[in-house]
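Shared between the two complexes below is subunit A, which has subunit B as its partner in the first and subunit C in the second.
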Partner chain A sequence: MNEDFDLLIIGAGPAGMAAALAAAPSGLRIGVIDDNPLPGGQIWRDGVHAHLPANARRHRAALAAAENIRLFSATRVVAIAGPQQLLLEDDERAWRAHYAKLILCTGARELLLPFPGWTLPGVTGAGGLQALIKGGVPVAGERLVIAGSGPLLLASAASAKQAGAKVLRIAEQAPPAALAAFALQLPRWPSKLLQALQLFDASYRSNSHVLAALGEERLEAVRLQQNGKLVEIPCKRLACGFGLLPNTHLGQALGCRIAGQAIAVDQWQACSLSDHYAAGECTGFGGSELALIEGAIAGHSAIGAQAKARALWPQRQHWQAFADRLGRSFALDPRLKQLAAADTLVCRCEDVSYGEIAGCSGWVDAKLHSRCGMGACQGRICGGATQFLFDWPTPTPRPPLSPARIESLLQLAEPDEAG
Partner chain B sequence: MIELILDGLALRVAAGSTVAAALYLGGDGSSRTSVGDQRRAPVCGMGICQECRVSIDGQRRLACQTLCQPGMCVETHA
Partner chain C sequence: MNAEIIVVGAGIVGSACAHQFARRGLDVLVLDSQRGGATAVGMGHLVAMDDNPAELALSRYSIELWRQWAPSLDPDCAYRNCGTLWLAANREELQAAEHKRETLSAQGIACQMLDASALRQAEPMLRKGLLGALKVSGDSILYAPNAAHWLLAQGGARITRRQDQVSEVDGNRVRLADGRWLTAEAVVLAGGIHASELCPELPIRAKKGHLLITDRYPGRIQHQLVELGYAASAHANTGTSVAFNAQPRPTGQIFLGSSRQFDSLDPQVEGPVLARMLRRALDYLPELGKLNAIRSWTGFRAATPDSLPLLGEHPQQPGLWLAVGHEGLGVTTAPGSAQLLAAHLFKEPAAIDPSPYLPGRFLPVPRPTEHSA
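Our next item is the complex of A and B:
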């Protein structure tokens, strides 16, 4: 079975929703594909324990009300099926989507770095914990530690406290001077200043990072380097994330140019490949405010509404400046490259240790000597880690782009029905 | 409430809960056994890391991106 779209959008987070709504007045047939059960992406993730902000509810209502927008939730992009064609899969079927134009709004994932004990049950990402709580994972009364870097640590702590957890420590690796300089700049973005004040937590410590997760079968305690001192905190959970990485896999597979770690775009949010656009975190970290504006610019551009797109450029510049400031303030300390021991697993899918790949010259060498990056996540976790640890460039994605059923992949061998 | 089966035992969870939540509500939270024989649990919470893959009615699915459905049969030792 095939379906035709004038505009296909991958990702239903703030960028994807804004793109669809900006393009909707054209009357074109718009499809929005998202792998989660409900739209919202990560920051507007809905769930049994989620509290959606008013702006998220407005976007969802507008998306549902637009007759020419069809949302496909719990649906993954499995492969590129041909020119301007993607193979999609949900729980029941697989099908080809043909598109005239595509907007990539694939978001970002957390940078997870290996340290002794990080594979123990009880250790999650920082945003990971927040997402799990929203989905109904119970944390009431649990002792937990949050570590890593970036504003997500405070957001994760707020969600955990709201769900009844006891947040014992928030360990931020950035030095106090960097955080102070960041705080001084915050009045330029008043809504962010307010957010920072609301999220402030007395257990927050700068210049502090995780050394090890301790426990036999599951997490029992966390060892931290806290401003030069070694401390151990007994706890049930550790939520640890070191910032965000753009999800570029699909963009790379399509042949879009990558700059730094993100999908490269021009002022119209257009990629190097014609008729392809990208917006939001997959084009570089920026937060939901920037994602919404970039998404709207991409949506307007894709339907030829250049004047409307151009009118949003100053707003994009305003929030891009915030993102740049954030990136500089929370730059990762090179000392974090020394966290893993020889027997610490780097590739969690194939259980490949740091010692097995530390001497390798790059991805190809590592794959020749081990199964690093060849498991179910296809290097999405260890690829980010090895880029930070060894400066290896992001591995080239191979089909299938996400684990898929054999019946779905067999469709790639069938002749294309539609023209 | 929704009733489902987790590793052979009946479990009731609030409607709208993910299977990842069910793993904690009805068990120790773990989802699979790694190639090195370690138990693992959900990590990224957003469909990237694949650590939360479980068997649901015989199909390999991600616990963090799947909502509990009545009568669903979830296996973490498959």
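Our next item is the complex of A and C:
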């Protein structure tokens, strides 16, 4: 089975939705593919306990109202099926989507770094904690510690408090000088200043990072390095946010140039591959404001509305400057590379410890001799960690791009053989 | 002299050779470019193949050596004596199975016919309607990258392993990428598909293969399952062919092969070939369709025209010894290949007749008076 689109957008987070809405006036056939049950991406994730901001609700309503936009939720990109063709899979079927133009809005995932105890139940990512809360996991009355770096810690703490949790500590690894310099710049982005003031929390400590999660069956306490001192805080949950990793998998598989860790784009949000665009977190960390602008620029560019795209450049520059500032202020301390002990797991799928791979010459060597990255997640988690820990380059993606039913892969046959 | 023996290639064959020489008290330097070869990507099926007497002799002998080593292999070598079931889908294949039983039995290899109901009992996931199977109990599986590591580790201080790319070989010396020459009593070329870069005269062609592995579904299959049409696919000399081959990994994953394509050196997974291979697998294991695949990849077999490896001294380059061209059977036949090569070098009688594998069958000795134009 095949479907044709003039414009296919991968990802229905802020960037993907903005791209679709910017392109919609063209009247072209637009498809939006998203692996979550509902649109919104990570930041506007919906759920029983989600409180979507007005802007998110507006985008969703506009997306639903546009007659030439079809949203495919809970749908995964499984493989590249040919030139300008993707193989898609949902829970019931698999099919090929042909496209004239593609916009990658594949977002980012959390960087999870290994430290002793990080695999204990009760330890999650900072964004992971937000997703749990939105999904209805009750945290009311629970004692909770948040550690890592960047504004996601504050946002995560705010979600937790709103859900009734007791946030005992927010441990930010960045030094106070970096935070002060960042704070001084904040008035350039008034909405962010306001957000920071609203989110400010008395339990916030700079120059502090997690050393270990303690507990037998599940998390019982967290050991922190807090401004040079060791402290232990008994708690039920620990949420760690060390930053985000752009999801470049599909872009890489398509042959788009990758710069640093992100998909490289020009001023039109165009990739190195013609007719392919990218926007949002997959092109580098930026936050939802930047993602919305980039998505809109990509959507306009893809339908040839260059003037409209160009009109948004100043806004993009404004938010890109904020993202750059964030990136510099919250750069990860190299000491975080030393947290794992020899027996700390790095690859959770295959139970591979830090000690087993620390001597390896690279990702392939580690994979071949320890099975690191060979499990169901195919290195999405540990690949990011080993990149940070050992500077190993990310592996080249191969089909299936996410676990897929074998019967779905049959659709990769030549048309006359597909049956 | 930089070592007594230099082995080029640390795949399963190079490692088995290094292991063999180290056991005989020689100092071995193993050079590997870490580009990866068939060892890194293959199935690791230790299988008695009987397409000709020489193939059977070498695989039978080698499987026996693996069996002797099995108790001392590291756990991460994941050796399992799961046996092979050769599946018969029709009368012809049933006859082929019977013929195979006679051939293997004549060589003392334990095997038995399973009728349709015995087969269903042994492997309920197989589709209904198969006529039976030949069970070869002594066949096994292992994880070849770690088995190669284990072989090198057995050599202790006698084996030095170095990451280095060899850019040229000349008899008993090799040139490294940085231009330095290293010399030894003998150089063993075990570079698999990469050997042709150093010796373009070797009659080796690349046969590309696709593989795929599922998520963990423990207990679904028990044996390595191979269709009897496999040999026909394995020995085709043109075109693209697929054959059903499934392996139960100790992790509970199901490992699927196989495909063969000639003259492609592009490592990309090709959707149409993968799909053909999977359709073939579904013919045998229909329930596979609902299982999740997590990874597919490709590799290259170093194939000779007669499907037998080249084991012996290069007729035109004294001091250069060849251990290449194992095609899809290198993990199986590495131990025997290493023994044969060592027997040649030490001028000892070999455990099996070494003549079918001598490089001279493809590489004639040039007459001293003859000069090529």
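Basically, the second predicted complex is superposed on the first by the 414 of 419 C-alpha atoms of A that agree within 3 Å, B and C clash if a C-alpha of one lies under 4 Å from a C-alpha of the other, contacts with A are read in each partner's own complex, and residues count from 1 in each chain.
Everything below uses one rule, namely that contacts are C-beta pairs under 8 Å (C-beta built on N, C-alpha and C of every residue); 3 or more make two chains touch, one makes a residue touch a chain.
Keep in mind it's a predicted model, so treat the numbers as computed, not measured.
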Which superposed partner A:58 touches (first subunit B, second subunit C, both, neither): neither
Subunit B versus subunit C as contact partner of A:403, first or second or both or neither: both
Residue contacts with subunit A in the superposition, subunit B compared against subunit C: B
Touching partner for A:136 - first (subunit B), second (subunit C), both, neither: first
Which superposed partner A:125 touches (first subunit B, second subunit C, both, neither): first
Partner chain(s) touched by A:375 [first = subunit B, second = subunit C, both, neither]: both
First (subunit B), second (subunit C), both or neither touched by A:365: second
Shared contact residues on subunit A - subunit B and subunit C: 375-376, 403, 405
Partner subunit A, residues of subunit C touching it in the complex: 34, 36, 40, 76, 145-146, 149, 163, 212, 214-216, 269, 271-272, 274-276, 278-279, 281-282, 288-297
Subunit A residues touching subunit B - in the complex, by the definition given at the top: 35-37, 42, 45, 47-48, 74, 91, 109-110, 112, 119, 121-125, 127-132, 135-138, 217-218, 247, 345, 348-351, 375-377, 380-381, 403, 405
Residues on subunit A engaged by subunit C in the complex (per definition of touch): 79-82, 87, 361, 364-365, 368-370, 374-376, 378, 398-400, 403-407, 409-414, 417-419
Subunit A contact footprint on subunit B (complex, rising order): 13-18, 20-22, 24-25, 28-30, 34-36, 38-51, 53, 59-61, 64-67
